[in-house]
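Heads up, the next two complexes both have chain A, just with different partners, chain B and then chain C.
Right, the complex of A and B next:
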């Protein structure tokens, strides 16, 4: 038994990393989603639209750039799923939650910044996604993805 | 336009499938793919083997010969020559330049490698008691050559390596795992091939010595050490008991006479006693 492990040490390591990736990845994802949903509900009243804002004169008191970004890492288990998916084709379901989490987290951070600065709404929301880290776009490496959300925060003249 | 904040609970961007369920489906699919590939390769190897000319095989053999730390053994070579001379002149085996090599190892085994190399482990030589037994062992290996079993195995192994490379890329651990697992299962002949080689070997033994004496001695001795049958259900070699029974049935069916065996001559006795 021990010999077999030693002989195929890289495979054994890979298997361990996959198990670690699955357990930790699942726990992290559950906690993250919980926190995302809670904060999204908290910040629901702060309006975010991706339309350009056209305001009548004197309505806007102040406007400024706000942005938020989040980096979420892939794990070995998700990577294995994606590799297997590459053979058969189809939706890479393993990566869907990574993209979803990073985008929502980025928007949340942007909204938090806007609220801290006293904005009433955010217009012109834009989203960017990129892979980052030493390993990005490299074979046999686990990479991370970054989502960046930016927009124009608007403070109204309210009486 | 009035802005009405409303929280949307469902998330369309993430699939609901449990990752482990997806993993199970994908691995299942992969296994089916591998099995299909394996069957196709087995089938094509079977077809191709009979068509590969011996000349092409000889070139291949040079690559394999270096894998073993072996020395040529003139005493064994002489025994083999004796067997080869009894083969009919039209036998395709005459195209090979057979070389018998001895490897110092406790393993009780002999191998037929592509290109006409026969490797005998010294552990086997220690077990052999008579010239007739040794002749059967060598004839058995010649049987593998006659049926071209070594190429059959090689064809499948090469095909599998190629398949794993195509699927997983040239240097991936998943690919290596697949090849390792499959090569282990392919590294020995099937039981059917062993039985066939036994039968072929027996006929050559009878042709050489004029009787079938000593044919079963070696396996009978091995059976005593092998013990229970249960592990042999899985093993690639038939249980020695079964081989003895099969050989005896064949001897009886063909009516081969069984005479006294010739004890091992001096030149090979020394190899065993050196150990």
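Right, the complex of A and C next:
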């Protein structure tokens, strides 16, 4: 048994990493989605629009820039899946959830910062995505994704 | 210094334009963090080290931009945009630009 493992060490390592990546990745993703949905409900009252707001005079007390970002990486198993996907083409589900998660997380962080500073709404939301990390410059590989959300938080004059 | 990413400062009037101001920074994290990020890459999840690195350097880019605006005599920067690019392994360039203005 031990000899077999030693002889096929590469294959064994690959298998181990795939299983490890699959289990940890799935658990982490589920947990992350749960927390995202919970916090999105919490912050629903803070309005975010991606249009430039036009405000009447005397309505706005203060305005400032807020931003939030998140770097999230895929697990080993999903990266293998994505490489296989490259052969057949089609939707790469493994990356869809990765990007979705990091964008929503970035928006949530931005909202949290705005709420902590007492803002009533955020106007002109912009989203930016980039790939960073060690695999960023290699062809056909997405190592990890950074999503950045930024906007202008507005504090109103409440009467 | 008022910073916004809309074309004006809400509730205030722009009295003078000073043109484009920009700030950028290239940062790398020490090798330990890179190693940890590589390990984290196996299981997936958030890479806190990189998030921190990017937030820090973005703040620095914004600081440099406001410093430039201050030298012009502006008191606000409007229409700010961010951009990111990776120049080398583990290093990222963060770039912020906007229009320096003076508001009432």
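Heads up, the rule we're going with is that the second predicted complex is superposed on the first by the 152 of 159 C-alpha atoms of A that agree within 3 Å, B and C clash if a C-alpha of one lies under 4 Å from a C-alpha of the other, contacts with A are read in each partner's own complex, and residues count from 1 in each chain.
FYI, contacts are C-beta pairs under 8 Å (C-beta built on N, C-alpha and C of every residue); 3 or more make two chains touch, one makes a residue touch a chain.
Keep in mind that this is a model prediction, so the values were computed, not measured.
With both complexes brought onto chain A, simultaneous placement of chain B and chain C is permitted, the two fitting side by side without a clash. Of the two partner chains placed by the overlay, only chain B lies in contact with A:40; chain C stays clear of it.
In the superposed model, C is the one of chain B and chain C that contacts more residues of chain A. Contact with chain C, but none with chain B, is seen for A:53 once the two complexes are overlaid on the shared chain. Taking the C-alpha centre of chain A as the apex, the lines running to the C-alpha centres of chain B and chain C meet at 120 degrees, rounded to a multiple of 10. In the superposed model, A:100 lies in contact with chain B only, and not with chain C.
The gap separating chain B from chain C in the superposed three-chain model is 15 Å, by closest C-alpha atoms.
Touched by chain B in one complex and by chain C in the other are residues 78 of chain A. The touching residues of chain A, when paired with chain B in their complex, are 8, 10-11, 14, 22, 26, 40-41, 44-45, 47, 77-78, 80-81, 83-85, 87-88, 91, 93-94, 96-97, 99-100, 139-140.
By the touch criterion given at the top, residues 17, 20-21, 24-25, 28-29, 32, 52-53, 55, 57-61, 63-65, 67, 69-76, 78, 105, 123-124, 126, 128, 130-137, 143-144, 146, 148, 150-152, 154 of chain A touch chain C in their complex.
Taken in their complex, chain B has these residues touching chain A: 3, 5-7, 11, 13-15, 17, 19-20, 22-23, 26-27, 29-30, 33, 167-169, 172-174, 176-177, 180.
Across the interface of their complex, chain A is touched by residues 2-7, 9-12, 34, 37-38, 40-48, 50-51, 54-55, 58, 62, 80-86, 88-90, 92 of chain C.
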